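First the structure, in the form of structure tokens, and then the observations on it.
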Amino acid sequence: MNSLNVPMWAELIDAFDAASRDSDVRVCVLKGEGKHFSAGMDLAVFAEMRKIADEEACEGRKREKVYNSIDFFQRSVTAPEACTKPVLCSMQGAVIGGAVDLATACDIRYVHNKAQLSVKEIDLAIVADVGTMQRLPHIVGDQRARELTYTGRTFSGAQAVEYGLALEGFDSSDDLDSHVMSVASEIATKSPLTIRGIKKVAVYTRDHNTDDALLHVAQHNSAMLFSEDLDAAMAGMMAKKEPVYRGN
Amino acid sequence: MNSLNVPMWAELIDAFDAASRDSDVRVCVLKGEGKHFSAGMDLAVFAEMRKIADEEACEGRKREKVYNSIDFFQRSVTAPEACTKPVLCSMQGAVIGGAVDLATACDIRYVHNKAQLSVKEIDLAIVADVGTMQRLPHIVGDQRARELTYTGRTFSGAQAVEYGLALEGFDSSDDLDSHVMSVASEIATKSPLTIRGIKKVAVYTRDHNTDDALLHVAQHNSAMLFSEDLDAAMAGMMAKKEPVYRGN
Amino acid sequence: MNSLNVPMWAELIDAFDAASRDSDVRVCVLKGEGKHFSAGMDLAVFAEMRKIADEEACEGRKREKVYNSIDFFQRSVTAPEACTKPVLCSMQGAVIGGAVDLATACDIRYVHNKAQLSVKEIDLAIVADVGTMQRLPHIVGDQRARELTYTGRTFSGAQAVEYGLALEGFDSSDDLDSHVMSVASEIATKSPLTIRGIKKVAVYTRDHNTDDALLHVAQHNSAMLFSEDLDAAMAGMMAKKEPVYRGN
Amino acid sequence: MNSLNVPMWAELIDAFDAASRDSDVRVCVLKGEGKHFSAGMDLAVFAEMRKIADEEACEGRKREKVYNSIDFFQRSVTAPEACTKPVLCSMQGAVIGGAVDLATACDIRYVHNKAQLSVKEIDLAIVADVGTMQRLPHIVGDQRARELTYTGRTFSGAQAVEYGLALEGFDSSDDLDSHVMSVASEIATKSPLTIRGIKKVAVYTRDHNTDDALLHVAQHNSAMLFSEDLDAAMAGMMAKKEPVYRGN
Amino acid sequence: MNSLNVPMWAELIDAFDAASRDSDVRVCVLKGEGKHFSAGMDLAVFAEMRKIADEEACEGRKREKVYNSIDFFQRSVTAPEACTKPVLCSMQGAVIGGAVDLATACDIRYVHNKAQLSVKEIDLAIVADVGTMQRLPHIVGDQRARELTYTGRTFSGAQAVEYGLALEGFDSSDDLDSHVMSVASEIATKSPLTIRGIKKVAVYTRDHNTDDALLHVAQHNSAMLFSEDLDAAMAGMMAKKEPVYRGN
Amino acid sequence: MNSLNVPMWAELIDAFDAASRDSDVRVCVLKGEGKHFSAGMDLAVFAEMRKIADEEACEGRKREKVYNSIDFFQRSVTAPEACTKPVLCSMQGAVIGGAVDLATACDIRYVHNKAQLSVKEIDLAIVADVGTMQRLPHIVGDQRARELTYTGRTFSGAQAVEYGLALEGFDSSDDLDSHVMSVASEIATKSPLTIRGIKKVAVYTRDHNTDDALLHVAQHNSAMLFSEDLDAAMAGMMAKKEPVYRGN
């Protein structure tokens, strides 16, 4: 069920970093292998963290090691957000705990209506600490985020759409897949330079006030407005033809 | 109709402070006595404020007294948010003016579909100043918040759900009560230490950017991840039994 | 189709500035002349920007000129937000590109269900830089904002309501107009002093944390709570008559 | 040597709170009884914290108790800053550890040139956590603050002046006392309403950017500019006489 | 004594705006006509504000008018900071009240050692509200700023240098003038494009944290690094000749 | 003259990263090999950047590449700050341009009185973009920082001390070296866990307001207060012996 073990955490960072640099990649899709998106953190990870902690006799250094572990997991979960290209998330089956953290760090989420989601950390007596509590309120609002994190209750993909967590729900895996691929394909036809700019600006805006965000985008465009892609788009518009953009 | 008079403002602070310290309290429910949640600020409060102001000959000190009064009311309304335990709000009948301020400072809101709500302050020619204008946009979005505060129009409990102000609406008081109690009971079975942590993190996140919020929760868990409750949860999971947690 | 040309950008600033100062104006309605709200930025504007840029031999000064142009357009789009009085936006027909920027800077949006909207900038290979990317996430959430800006796809007025971009949709222009006018009329009966205060506080709140926002409104009311309008409202309440307020 | 024990921490809060409310108090002076300002945190406090922690079997709750203790000490040290009236700090003899935290929370510091100061916490293997690390950089700059906190070295009152920690140094206790009293007396002749306003604005400014700080003071004065004290000051100026202001 | 009357407040905005646009202006010097820099706010301004306020019967609108006046004065005092070119301030004789506000909004200050300065507002029972309290702490530190604003005491130009308010002091007007002119001439030989960039970045940095400031300057230079001026500077370096830059 | 070429930029990141992880390293000293600290950015770097830019035909992508280069240089210069251990900077001879950026990212700076420093970037017609403009104002104040960046003038080590850029100046290389080593040795005797904590808290404090900074340190100590080092320090105090701490 694709539980998130330590190797996978490291691979996430590498994979999205590679995607950022590969000029053939214009958009990413994050999905689980098989029937489930992911059952969340592999419990062996906690056992490992506990073991590392227990091997450290000094209470202070033990806590510093725990802090460093959390910091590493946070960077891993942030990988889809740090990727310079849009990441679409396709969820079906189990989407539990750490899997929700990961999903909220993607740009857009689609879901199978029968998927089973849960912000499960409360049932491990853990405050979710790798992203859900930080990003979910921006997506579903403050109130729904609190309810889901306090109760840890399971909700369906259809409800995920109703709450605003996923943009759209589908009744079959095939429909889910084909819609996600069509959105990905659509984005892949756009100017890659501009798409990267939009993502950078969207993340900045979420974390800054309106004045700072307006200044940021003005600076961005003063540098990057004029481009081959702008020329291609304008030419395409005149000629009523779809422009074709180079990679990266 | 439970209008909010000066003694009640002071009691709110004391009551939620007591709840924070009482280890038998795991979750709070805020509701009105009788048929109505609350008709809002007792007009006698304004009269009293005006009297205090009028007794002060110096224009500057008069304004300082008004400021101090508002500051006191704000701290009172913030009491549910300052409480270390989740506060569920159960609304029926009239939910007017100051009552909405109070409701928005709770963690989660449920409502009778026929409740009558209104951000009424505009009809007193007053800018709502004890919390609604600060917290409502995070709950219903910027646009709806403006409409409700500009017009002061009455809307039903069912609409409150549609707008996202309440999480769920019910057609009878009994259904409302029993649902609120079931959510409260559910939360009460969870690790109290973790629930307090979630609330602290949720409030912090609302008011800080993503980087700061990730750092905050990493620090929190570096201190509080390992606990009797984590052990109990893990043991319960192995034994497939509900864990039992100690109070506070 | 009301495309946004340079003279119009300047007029927007002047028009909303005049509205702020005219004591007979209590609320503004922004709508397009004819069947369309606006087809967005006049392409001649880009040509003009390009020409100005090309005339400048120094690469650095060229970029500074581009920056200054964007800064000017941003101030123009911010005009409805900077107006001290509420601005209602009434959208039908085409609402494209820069037109969406402008709409998001209004207080409240209403729409014809058959309107055709699009955050079209991506199809010009341009990162939208005059407000949509900064204000839209506060209105429709982070996820929907990204989807609309990445894909540039057209969506209907009915969908705009579903996404939360418009507050309400109508099946005919007449219904749209009459509803917008009824909301405007409603707001026009309220205390103008208080309405201005609400707008100021709403904009401040969007861009500051809760503690700062509570302090801001406490300061505001310590200065402006007591007014002729408060007296009129109180008197009206006693007499069970609608209060009448003076202008500005 | 006036070490800071638990009762004193509580008394600080009460004392400065009382001073805020007492209309006969216009300015406060914080000094040590006898030859020393204060030798800092009573080591019994750490023993007590450790004992409370050790009595708590749950690792998580233990940390929560430590957090709550630090929070209490922080509020105590912040008492001079929270006081609505200026607090002058008069330092001689030992000024060590927690005593420096306290001094930095005052408005202005004066010192005996032979005083012995030290940010001593490093020698207890503790990160200073009740204010020095937060306020010292604003007073002596980032670099000097780091040197003093890393090394914990002792420095003289004369050096404290050189570093900018104290405003002025004196070679005898009598000179120190008489200067502090003369500054206090000078401040006590000023408008109490305005002095309170200046302190509020100074603390706000330290923690906000320039735009926010300008807005804050504009709001403050829109409420409190016109006052009996302004009238008295203007009248005094015309008559070339010192104005006399009422208390609080 | 160059007191700051209403026409002068408006002229300041226009003058610095003109300087920003005039390509022949590379650096500005702000000094007083005659022996004094400025005696500060003309008392007639207060009388005028009072008169406007007294003509307004509504308490709330009266306060709004006061707020708008302060806002106007703040924009005027901010004019040297808003100017895109460096402003050197040359102070001698009286530098009182509003004159200090104005001086702190300049880039660099020089002073006659015998100048008489005072943050005088406290003696009018007014919280200084047009910039001194917001900018002075960044220049002389939090502690000195509080002492000067609480006491309103007069200090000499030589002390202004000691406190860090002015960069350098001179014993004669001629020496002051010639030094200021030599610094101005020095700056005038530099790349105007780069000087504007430095000022923009310096103001931004003061009001943002280090991460945001690093991002801001990276964006700035990604747009404006390559320029005719860079080429001229590089060429000059190779040829060991002073580069000559075009205006603006 | 140790000019900063591309390999060195990469090595800086690796070297400080290694120092963070090596438990035998308790404090770092950054100094130049030979007579000079560093003559700043190797001009070949600019040539290389220009070449990379010129190879890119698309104006937008060219700017993106410039942005990415600056981002890389910024991360390199931030390496001393990102190092978990204190970095002392020892400056003599030439300290020019990029060398000043690097120095300001260290914890504490010492200098030879005859060193020749310059924020030289203005003479290349470049806005200094890798740290000086962001960190210098926190060290020498806003005004001095502007003067040095506008004029690019050379100043001596003795002046660097007078301005607050260096903590102390020395008349010979031997005295400089031996003082730096004595401070480093002093810091190396302290608790490594606590020293790391102090550095983390100092950097956080510089970039956050007082409330956030107090919360941050309270969280830090709730996790890391109790440690072997605290026990060792307490035991040492009782026994009046210097405590010995383990590495990292």
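Read from first to last, the chains carry the letters A, B, C, D, E and F; within each, the first residue is number 1.
Keep in mind that, in the parts below, a residue touches a chain if its C-beta (ideal position, glycine included) is under 8 Å from a C-beta of that chain, and two chains touch if they have at least 3 such contacts.
Per UniProt, the chains are A, B, C, D, E, F = Enoyl-CoA hydratase.
Small disclaimer: the values here were computed from a predicted structure and weren't measured.
Participant: Once the contact rule is applied, which chains count as partners of both chain B and chain E?
Facilitator: Touches both chain B and chain E: A, C, D, F.
Participant: How short can a chain-to-chain path be from chain A to chain E, counted in steps between touching chains?
Facilitator: The fewest steps needed to get from chain A to chain E is 1.
Participant: How far, in degrees, do you have to turn chain C to put its CA atoms on top of chain E, rounded to the nearest 5?
Facilitator: Rotation angle, to the nearest 5: 180 degrees.
Participant: Assuming a repeat means more than half of the contact pairs shared by residue number, which candidate in A-E, C-E or E-F repeats B-D?
Facilitator: Duplicate interface of B-D: C-E.
Participant: For chain C versus chain F, what separation do you get between their C-alpha means, in angstrom?
Facilitator: 46
Participant: I'd like the Å distance between the centres of chain B and chain F, where a centre is the mean of that chain's Cα atoms.
Facilitator: 46
Participant: Roughly how many whole angstrom separate the Cα centroids of chain D and chain E?
Facilitator: Once rounded, the distance between the two centres reads 31 Å.
Participant: For chain C, jot down the residues that touch at least 2 other chains.
Facilitator: As it turns out, chain C has residues touching two or more other chains at 63-64, 66-67, 141, 193, 206, 208, 211, 219-220, 222-227, 229-230.
Participant: Going by the contact rule set out above, which residues of chain D touch chain C in the complex?
Facilitator: 208, 212, 215-216, 219-220, 222-224
Participant: Name, in rising order, each residue of chain A that touches chain C in their complex.
Facilitator: 86, 107-109, 138-139, 141, 164, 167, 183, 186-187, 190-191, 193-195, 197-199, 201-202, 205-206, 209-211, 213-214, 217-227, 229-230, 232-234, 237, 243, 245
Participant: Under the touch definition given earlier, write down the residues of chain C that touch chain E in their complex.
Facilitator: 57-61, 63-64, 66-67, 193, 196, 223-230, 246, 248
Participant: Under the stated contact criterion, what part of chain A meets chain B in this complex?
Facilitator: 43, 46, 50, 53, 63-64, 66-67, 70-71, 74, 78, 122-129, 131, 133-135, 137, 141-147, 149-153, 206-208
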